[in-house]
């Protein structure tokens, strides 16, 4: 398939989906992670276990959920447990192989901020907060992150440590008693990043088709390191692209139609 | 012992100024009708507790009912930020709002400890996370066998919990199905619980033995409010009203638009409007 | 990842000399067939864990498989004492048996902590109770908020857990219904889990969303053994064989009667006998 | 109804049943407590909530269970929860109004032993152990005990404190931080006992019809105290006695019939 008509967002979702395997038990964040996980399930990893923090285990939604608690997730799940059980038996219990997160702000060590812009006590922008992320980041065996690149999002220094990645790098996780691997993969709309084995700083290991080093640096707030043996990400296959587009089309059709009788309608970009 | 009563009476009886109140629901089964009744009642100085404050907490905060919020994720699910909450936190409008912020794991464990009658919950959490430095209610406890240091948070014990559920039987037993969230724990952790339900059935005979049922003696009041979770959804009854969540982003962006919307849709309305609001959202049963 | 295999292979693969092993079941769903297979396999030096050791543990202890028992109530339910256990504790026959004794609350919390990946469980227990003085694994932890002193016990993390369940689907997901007891926690707390089931079905489509289901990736091996809980029962399949519990009281009273009974009914038998044993105990389905 | 044909066991069960009310949430021990609780449910307290430690809440068995986990309990329950939930949310959560226990050995302060006769490390008789009793005794708002009198059962000094009653009496519970009332009622086959308000020692407050003070003392291992205003227990009413006997008859019929095909039959006194 020609790369020309593939959007960067599509390339990001598909590249992220490839990192997941049939044996993974994946704790899925909403948005880009959810799309990637479901593309994996609908292509090369049909037996992957997807878990959303609302308690749905082994879910197989036909359309992408708008929230972590959509009815579709429960209706297609193997089982649905309470939220305390989800966080105690399933996440803290060490059963999650991949915690898949998005990020508002991230630094080169995979530390994530979704709490505040500015000072915590007097924030410029009050963001939603961490939700499940602090313990997804510490209890999952490894963490994947996916987000579109921007200087506002990929920063030299995050304003708040919502969830801990590699801290200041090196063996910082180990020093805190964290036995899990932390962030091992960052997939953006431009590139695939992995932590340097020593410093743990994210390093570009693969550029998506047509993306230049300059484009990566221009949308990233820290000085970018590129791997010596830099790859080019294989373009989406027909199956991957068709699967993703069909999923998005089903999602839009499903979420556009329904509205209640008592409230006025707002614009629907869902 | 559960008593059936109109929602107006249930809220008036069980929600008082200064209460610590949890209106719980995890995307599913959000007790919107009860929250709107609390707004109409005009209660003040609440400490609002919820893992996932969304539109109804944005409304209560925007109306100035709350002095403090205990929470772990404040967002308009699938849409973005909560603009009335932001206005309160960033600008103190209409009044300043104190925040006690946790992670989901901490809140879930804290409700669980409250339901279990324990004073605190221990869990492996907050390692390297910034909240531990800004929230004095995040402490530590040491395992007396391994020496491992775990995070500790105080149990949540709200004065009153509000939840929405599918149905009650005539004795006042309550059934919650689907994404059950944190509702059972919220009810058992609270001193009083008020439940709105879609309908009342004769009894629960024939139900599978292992479902999520709250016995009538764990609930103070039950009010029948069909559609009472709108724009959230009730598994088996009606679907989520996604456009309403998008609309809220527009309404909440402006103080005056917000005030006008609240007058029309909450202050001048009553519990009866919820049935109409879900009329177009039914699922096959 | 669950693998389907004959019970002989499942026990041989997953139960080794010296293992800490839990054969759990709370009156209901006792994994008798798996315990009998362990006896036939002739494994030794086990640390047996169970809240309610009953006939099968009496048999395993009487056959000398265990060096230690971790438990909270050891009895023949509805009948009386366990005579082989008594012989081991009081007379060291056939070998001495160390006891680590808890209350039900402690064991339930310890399994729960094991399932939750925690090193210990804190609960309000053992106040004034004598066990705290004779069991060094009962310690204390202080609430960092209220100063209340609570009991603490180490999490249970068996090397292997055996349970019996109603059914598996073809992928190896397992359904437990009725009195679910401590089985889910035992499986999740253990390093490996072996499940015997009454039957295998194509899938679990159409089941209520909130049932007790163990995903296939939490289970190491599944063996189909109809009747495998006899003389206990399987909700929806067959009833409890009460006379067998009474008979056991007579059999276990005498070492030689016991040895002869074990030879006939366990050593010279196989998993296939269980289907016959429940033939007269079926319930309408 | 004439007292002549009422057995002491029947009188015990019926007298114990009368102490329960419609609003009670009762954690039921097996044996005599179970019979008393179900007679209460079938006579004056139809809405009583009976809970067995197997997880069955609001159960209404048609026949008496042989064990705390009989299928009948689950089939007739409002709901059945896991055992950890039972002990955490329902017992420790403070929701049980009455913990109803039997006892192998009891002392005058309601301390109970079901663990060992003799020394703990080298017992003469190894009894079953405490099961749920230690925390039933501490977490229930009050505790009722029912047992047939005997010098072996009602002793000056128990061999092991399986569950704590009033300890050495007086304010011993309070000194241990126990906020609950502890044992407030002992119903035997001969009498009704209640703790003295000051010393907390069990005192006979009512003799069953036809029972003498001497008979109570002869079957009790400590010097018996009788209340100044000693009552006579009202004899069973026709309804009470018929209900109990019908329940026992249904129980025997249900438990006698069923036996598996593969094991020889033992005597069945169930």
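For clarity, chains are labelled A, B, C and D in written order, and residue numbers in each chain start from 1.
Assume contacts are C-beta pairs under 8 Å (C-beta built on N, C-alpha and C of every residue); 3 or more make two chains touch, one makes a residue touch a chain.
Owing to the predicted nature of the structure, the values given are computational and were not obtained by experimental measurement.
Interface comparison, C-D versus A-C: the higher number of contacting C-beta pairs is recorded for C-D. Chain centres here are Cα averages; for chain B and chain D they lie 41 Å apart.
Chain C and chain D have Cα centroids lying 27 Å from one another. Chain contacts: chain C has residues 112, 116-118, 123-124, 148, 178, 180, 185, 209-212, 235 touching two or more partner chains. Annotation for chain A: residues touching 2 or more other chains are 74, 80-81, 88, 92, 139. Taken together, the touching pairs give a contact graph of some other shape, not a line, ring, star or complete one. Contacting chain pairs in the structure are A-B, A-C, B-C, B-D, C-D. Residues of chain C that touch chain D in their complex: 26-28, 51-52, 71-75, 77-78, 81-82, 85-86, 89-90, 101, 103-105, 108-109, 111-112, 123-131, 134, 148-149, 178-182, 184-185, 212, 230-231, 233, 235, 239-250, 265, 273-274, 276-281.
Those residues of chain C that touch chain B in the complex are listed here as 116-120, 122-124, 137, 139-146, 148, 150, 152, 154, 177-178, 180, 208-212, 235.
By the touch criterion stated above, chain D contacts chain C in their complex at residues 30, 53-56, 65-71, 73-74, 80-84, 86-88, 91-92, 115, 120-121, 123-135, 137-139, 160-164, 167, 172-173, 176-178, 255, 258-270. Residues of chain B that touch chain D in their complex: 1, 112, 115-118, 171, 173, 185, 188, 204, 209-213, 215, 217-218. On the side of chain A, the complex with chain C involves touching residues 23, 25, 47, 49, 57-58, 74-75, 77-81, 88-89, 92-95, 139.
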